[in-house]
Every structure is written in structure tokens, then in C-alpha cells.
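Below: a set of structures, written as C-alpha cells.
Each of the next two complexes has chain A plus one other chain: chain B in the first, chain C in the second.
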Partner chain A sequence: MMAIDRHAWTNRWRDWHPAEKLLPAFGLLWVAVVLPPLTTAPLVLIVAASAVVWGAGVPLRALLAFMAAPAAFLVVGAPFLALSLDLSAGLTPRFSPQGAGVALTSTLRALAALSCLAFVALTTPVVDWAALLRRAGVPSGVVELILLMYRLIFGFVERALAGRRAQAARLGYSRFDRALRSSGLLAGNLFQRGLTRARWLEIGLAARGYRGELRVLREERPLSRARLAVAMLGVGLTGLAGGLLARALS
Partner chain B sequence: MSVPLLAARGLDYRYSGGISALRDLNLTVERGRKLAVLGANGSGKTTLLLHLNGTFRPTRGELRLDGDPVAYDRRSLDRWRGRVGLVLQEPDDQIFAATVEQDVSFGPLNLGLADSVVRERVNGALDALQIADLAARATHSLSFGQKKRVAIAGVLAMRPELLVLDEPTAGLDGQGVVRLLDALQRLHESGATLVFSTHDVELAYAWADDVALFHEGTVLGQGEALAVLRDHELMRAARLAPPLLLEVAGALGVNWSAAPPRARDDVLSLLRKRLGAQVISGERAAEQAAPATAPIEGGT
Partner chain C sequence: MHIAEGFLPPLHAALWTALAAPFVAAGVRRANRLAREKPQAKLLLAASGAFAFLLSALKLPSVTGSSSHATGVGLGALLFGPSVMALLGAIVLGFQALLLAHGGLTTLGANVFAMAVVGPWVAFGVARGARWLGAPLAVGAFAAALSGNLATYLTTAGQLALAFPDPASGVAGSWLKFAAVFAPTQLPLAVIEGLLTVTIVNFLREYSGDELRALELWPESPAVEAR
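Take a look at the complex of A and B:
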């Protein structure tokens, strides 16, 4: 999570209007879902990954790390789609060619969709998400809460890790029962510190005139129609290439 | 004498558990000065500072802002906090927004200013602390020293007449302290009155105009920095050792009625001048002795 956040804040496309990233991502997703997956889905995967790596300058390693866990689920799950249960001979799993087709196409589609998600997640910082949520009509109180939680999570994780390290340094995790006891103590301690922190944060905000509303300046990102047009053209070409390839192969 | 910007008279404060934190405390903040509240850690300095912007309300005694007794209703507090800015010791207690720019905009927006004015204020505050390059950064990715300056900028953007800072140099390294004090000095020169708490006698000597000696919940004495820090009896009562530079300057026999040296380099150059030839021969001796500090070889 920390790595995704870091790249979202530091990639080359960070300052682009979020719509310039979200619309092409949805476009690619749509292409991967409606067009023949055997040719289109791999194309979408390649296009989205190239955009992330060469366009936004996010290291390939970060992209692979993002995709690894869900991709592993997909790959492990897919073979079961290729099996069908034969109930007549008492629950015998049987390989079905039709199932194999379904397994292949759905895995390809899911991977393509995953790359679209990675494209948005690795290039768009949280403040832009918040702006989108606001525009979509989510109440400002909810958006404020999301942003505040986002801000506090980092401090919380830091403290939790430091606490765990300090306990481990005093052999708090050397045996199963000790580990249980230590993590319980740590949880209690973090809870207490969280309450103290909240109180101080309230004092700090009150000193700056807090009256129950966390209002801040919104980020202003000009929408570049040219960039959006180029991106959508790319999406269109990807779909076209996928469709034509599929026709040529059949 | 003119009416002080802020004055506390006979403050008592008890925590809800009945523990006494402040007792019969007097403090005067004069306009355009740098006042250090000097005392040991855990002596209640933070509790005092939290009274200066109305966060805590004294159990007894009163505060006067520009000579007028303060009130604690919503409206008065808002006005008060617009004039007296408070920077907490721990910047994470103050920074809540996702980006630096957004966080600094919070205070001025609460003053009810228009977005364009707020944007100007934010840029001004970031410039004043020389962190304009951090404007678009995520607040959680900043170093401690950077966060400290962002926290100050967030208060500064409200353009308070009085800036109250709780242990501003705590947790900063030497370079960080120098940069922060530079920034605060510029603010001061542009007209801001500063109050800061510290346990560091050297900092108080080098930088404060006035010092209030704080000990166990009360101010033992307040006055010009030099007069307070040279008052051995008062310093002893506050369980504080006098600043080393002041003692060295004293040992060199400086003229206290003229401006005595307060910067480290000034004291050192004075020392060199007094010792003259001895220092030069001493430096040679140090050069000759230098090999002794080389890494020890053949230890195994």
C-alpha cells in the first residue's frame, strides 16, 4: 500500500487532471470486456502496462508487485473453471474443452482489467480521488473523513511497526504465547495513544479556528483536452487492433 | 509603559484530577519582543502556552489581550485565535491534510477569507519558511524538520500578531535549528511578536529578548534575557545552570553594560583575542597530537 501511494504521488503524470487518467482506463476496461478477449485483452494489458511504465515512469517492478497477488489468485483459480463435475459417475472431475476456453478468456479479461486498475491506482494521488468523489456528489463530511483517515493511517502504521520492533528486540515474539501477549499489549497501547493523539489534534486544529469542518483549498488541475483526445485515440486504436486481429485469426 | 499585547495575572490551573499545574502565575508579553519561557521539561510550560490562546481556561486569575479581559465564548475565542497563533511541539498533532498546500490553507479559510486571498496567504507563508518547493508534497512523506516548518506555516498563514511556539527546536538537528531560527528571525523582523517555550538555556541566551523563568507551575521571574540569566539566585531556584557562553563571556570579563557577545562565534573570537599567542601555540599542539586520533591499528 505504501509503495502504491508513493508512486501515485511521484509519477510523471501526477499533475494531470484525474479525468485524463480515469476516462482512458475505463475505455480500456470497456474494450477488454466487450471485444473478443483472446486478442484484445492481451493488447489492453500491454497498452496499460506501457502507459504506467514508459508514460508515467513508474518502475516495472512496482507494477508487477501491484499485480502479483491478484494475478496469483487468478492463475490458481483458473484451472478449476476448466473442470466440470460429472455427477453420473459419482462426483468425478472431468476436463471440459469448453470450460478450458472459459478459463482462458476470463483469466485474460481479469488480468487486463487489473492492469487498468493499476494504471489509475499508480498514477493518481488520493487528493485527486477526493476531488472526484466530491464532484460525484459524495457529502463533503464523508470525503473529509476519508482524507483524515488516509493521513492518520501512515502515522498509525509507523507507530505499530516501531512498537513491534521494540517488543521483538526484547524477545516479545520469541514464542507463540509471548507473541500473543505482546500483540495484545501493543494493540492496547496503540488504542490509548490514538486517543491521546486525537485530543492533541483537536487542540492543534482548534488553534487554527476549527469549527467542525475540515475545509482546505482544492487542487486545481486544468483539463488538457489534447492529452485526453490522444489517450482516447489510443484506446480506440487498441480496440480496433484487437477486433481486427480476432477477425483475421478466425 | 504601553499596554502589553497579552498579560496573565495570578493564573491557577488544576487538571480535572485535581493536580495543580499552574499556581499564581504572572506573565507579560510585550509587543515586538521575543520572549522565552524557560524551564525544565515537565514543569508545565505547555499547559501555560495552552492558556495563551484560550485552549485551557484558568481555574483562577485572568488573561488580558490588549488590556481587555478575555472571554471564552465561541466568537471571542475565534477572534482571539486569529490574533494569537499556537504551534504545538509535535507537528503531527497539527497537520491533518493530505498535501502541504491544503494543510496550510486550513487556518486562513477558517478566517472566512476568499479562496484567492487564501492562496496568496498560503504562498506567502510557504515562502517565509522557505518551503515553497514542498507545496504539492504529501504531508506524510515529509521529514520531521519539514513537518515542523509546515506546522508553523499553517499558523503563520493566519497572520497572527503573536506567534506562540511550544519547544520549536525540539527534535531538530543543528542545521534544522539554524534554519528554523533564521525563519523565525525573519518573521520577527517583519513585526511578529514571538513567545516560545524551551528547556535550552543556550537558546534562550542566544536568541530571546526577554526570558520568563518557569519552575513548577509558576514564573519565578521575568525580564530582559541577560538580566534574568545572570541572576544566579533565580537560576538556581529554577534548577537551571547558566548558559555556557554567558559564563565564558563572564570569565573573560566582558562589559555587561555594553552589548555582551551572544553568538558562539562572537564569544570564540573574543576568547581568541584574549588568549592570543597561547591559542596559536595550542592549535599547533593540537596538530601535533592529531595522529593520536587516527584509527587504532593492530587491535586484534
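Take a look at the complex of A and C:
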């Protein structure tokens, strides 16, 4: 988790206007989900992965680590799409070619979509979403809630890891029942601390005239229309190539 | 149990998003009202959301040796009530997609519906029922977390079944298939989450009286009322 966030803050495209990254990524995601996966998905996967690795300069290892866990979910889930259960003749699983086709296409589609998600997550910190969410009509109160939550999460994680280390050093996880109890104590403790922390924040902010709206100075990042146009052209070409290939093959 | 990015066909993804949206909108209205009445409510909500995220990222001891994650669905519903939970859950699921690669953006609607709508409402209903029956708080918390977790898992299995009906036995057969595949990890996990929720609720009742009273914002919260 820390690694994903770190790359989002330190990649080569960090200082670009968020729309230059998010709009193409959503475009690519749209292409991956809507067009026939058999031909489009590999193209999307290649385009998104090369944008992350060569464009934004995120190490390939980070990209693979991002995709590993969801890919495992896909690998576990997909074979069961290829098995067919016949309920009339008792519970007999049998291989179904139709199901195998569905399994292949949905796994491909998911992998391609996952690479788009990786593109978004590894190049754009969550904070940069704020302007886009506001533009999309999300109420400003909710956007602020998102930003506050993001700010609090990392402090929480740090304290959780420290707490867990301390518990483990005292044999808190040496047996199943102890592990359960330790987890409960840790979670309860963190919640209590979180509420205390929220109250401190509130007192500190109230002393500075907080009325339910946080005003912060933001870096100006001009939108480069040229870069956005090139990126969208790339997305369009990927979609076109995928669609044409699919038509040629069918 | 999250549905991975892009796994659902586009139509299903859109449909689940449309189904989840009104619940999230209701949560937004509720949260806005709370924030207008008390400015500190926003900070409290943010802290609770960050906690929910952490809880879902916390690895639980698991019987089979593999580590698993809690959903936090039951605890959230107990503490904050199901309507606010829809909003918090939606934000947390968004964070999980972007920071942990769990779930995704196209499947966000489906995941919100299972984890932030169905789960919390079932947990809340069970907690209410348990209190009505006069069960002790620990029993109610256990039952609520257990059933919230199970309801979430069965809903997710249903969503997958609707998207991928079995060629021979249709949606029902497919649902059975998906439920069976995930049962070995999900059933013990639900029990563990129930036990964990009891430990947390007990801890909070013992040590966090002041903080829980601050949560009077959510007057229907059984954890508060049971004090």
C-alpha cells in the first residue's frame, strides 16, 4: 500500500495536470471493458503497462506487485466459469466449452482493466482526484471527507504496524486465540485513538476559525492540451486497432 | 470478497452502480446534515472511515493458514448506522482500489452494493433483532458481524452468478458454484470476524465511554444504547 502511494507521488508524470492522466486512463478502461476482449485486452494491457513503465518511469516490479493479488483472484475464479453444474442429474460438474470461452474473455478483460487501474493508481495520488471529483458533481463536503480520510489513513497504518509489532514481541500472536484477542485489542485501541485524534484536529481547526471548510493553497498545474490530445489519440488508436482486429478475425 | 476490476460485463457493472447510487446519495444527505449540525462530525466521520479502511486492510488470523481480511461491515453498521455506512463504505472501497488494488473502479458499484449496502443493513437488522429478543450485547454483536459478513459474501456470489450463469443449470447452479468455491475461506472468516467484533465492542465499552458518547450523532447505534 505504501509502495503504491509512494510511486503515485514520485513518478515522472507526477507534476502533470491530473486530467492528462485520468482522462486517458478512463478512456482506456472504457475501451477495455466495452470492446471485444480477445483482441482489445492484450493491446490495452501493452499500452497501459508501457505508459506506466516507460512513460511514468515506475519500475516494472511495482506494476507486477500491484497486479499480483487481483490476478490471483482471477486465476482462482476463472476455471470455475469453465465448469458446468448439472442440477437435474445430481451434482455433476463437467467441462463446458462455452464456459471456457467466457472464462477466457472475462479474465482477459479483467487483466486489461486492471492495468488501467494500475496506471491510475501508480501515477496519480488520491489527492489529485479532488478537482476532478468536484467537477464531476460530487458534493464538496464529500470531497473534503475523502481528503481528510486520506490524510488520516497513513497515521493509522503507522500506529497499527507499531502496535502489532509490540504485541507480537509479547507473544500476542503465538496462538490462534491470542491472535484473535490481540487483533481485537489493537483495533479497539486504534479506533479510540482515532476518535481522540479527530477531536484534537477539531480543536486545533476550531482555534483557527474552522467552519466546516478547509481552505488550502494548491499548486497551479496548467493543463497541456497537446499532451492530453496525444494521449487521447493513443487511446482512440488502441480502441480502433482492437475493434478492427476483432472484425478481421471473426 | 471484492470483485476484481473489469471482471463484470459492462452492463452488469453499470446496473449495480445504478442500484448502489441511491443508498450512497442517502448517506451523503445524512452526513451533510450531521456536518451542518456539528462541524466536528466531519472529522469524526473521517476518522471512522480511516478506521474502516484500516480494519479491512488488517490481516486476520485464519484457520487455514492463509491470511484473510475482515470486512468491518458489521462493526461499522453497529457504530454508525447503515445509512452513513453506505457513504463511508463507498469511499473506503474507492481507496482500496487505488491504494491496495482490491476491487476496482468499474466494479465499484457492485462492491458497494454488496459490502456497503446489503452487509450493513443485514448486520443492523440482526443487531436490532437480537436486542429486541433481549440478547446480551456480545451475542448481538457476534450475530450482527457474522450475518453481515455472510450476507456480503452471498450477495457477491449472486452478482457473479448473474453475470456468469451456468450453461446447464443457469443462475441458480452458478450461484451454488460460486458460493461453494468461496465457502472454505468465507465461512471461517465470518466466524472470526464475529469474534473479533465482540472483542472490539467489549474493549470500546470498557475504555471508550467518552468517545462512544460523542457518537451520539448516531442515536440508533446499539453499541451506544446498550451502555
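In this section, the second predicted complex is superposed on the first by the 227 of 250 C-alpha atoms of A that agree within 3 Å, B and C clash if a C-alpha of one lies under 4 Å from a C-alpha of the other, contacts with A are read in each partner's own complex, and residues count from 1 in each chain.
We adopt the following convention: a contact is a pair of C-beta atoms (placed from the backbone, for glycine too) under 8 Å apart; a residue touches a chain by one contact, two chains touch by 3 or more.
Small disclaimer: the values here were computed from a predicted structure and weren't measured.
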item: Room on chain A for both chain B and chain C (clash or fit); value: fit
item: Touched partner set for A:P59, first chain B, second chain C, both or neither; value: neither
item: Which superposed partner A:R197 touches (first chain B, second chain C, both, neither); value: both
item: First (chain B), second (chain C), both or neither touched by A:Y210; value: both
item: Touching partner for A:L117 - first (chain B), second (chain C), both, neither; value: second
item: Which of chain B and chain C A:V126 touches, first, second, both or neither; value: both
item: Which of chain B and chain C A:S96 touches, first, second, both or neither; value: second
item: Apex chain A: angle to the C-alpha centres of chain B and chain C, given in degrees as a multiple of 10; value: 90
item: Touching partner for A:Y150 - first (chain B), second (chain C), both, neither; value: both
item: Touching partner for A:P42 - first (chain B), second (chain C), both, neither; value: neither
item: Which of chain B and chain C A:G234 touches, first, second, both or neither; value: neither
item: Chain A: partner with more touched residues, chain B or chain C; value: C
item: Chain C versus chain B - closest C-alpha approach in the superposed model, Å; value: 10
item: Those residues of chain A which chain B touches in one complex and chain C touches in the other; value: 5, 126, 148, 150-151, 197, 201, 205-206, 210-211
item: Complex contacts: residues of chain C adjacent to chain A; value: 2, 4-7, 9-10, 13, 28, 31-32, 35-36, 39-40, 42-51, 53-55, 57-58, 60-61, 63, 87, 91-92, 94-95, 97-102, 104-106, 160, 164, 166-169, 172-174, 176-178, 181, 192, 195-196, 198-200, 202-204, 207-208, 211, 214
item: Sites on chain A touched by chain B in the complex; value: 5-6, 9, 15, 125-127, 130, 147-148, 150-151, 154-155, 197, 200-201, 203-211, 214-217, 219
item: Of chain B, residues touching chain A in the complex; value: 50, 53, 55, 78, 81-82, 85-86, 88, 90, 92-99, 101-103, 105-107, 109-111, 115, 118-119, 122, 136-141, 151, 154-155, 158
item: Residues on chain A engaged by chain C in the complex (per definition of touch); value: 1, 4-5, 29, 32-34, 66-67, 69-70, 73-74, 76-77, 80-81, 83-88, 94, 96, 98-99, 102, 106, 109-114, 116-118, 120-121, 126, 139, 141-142, 144-146, 148-153, 156-157, 160, 173, 176, 179-181, 183-192, 194-199, 201-202, 205-206, 210-212
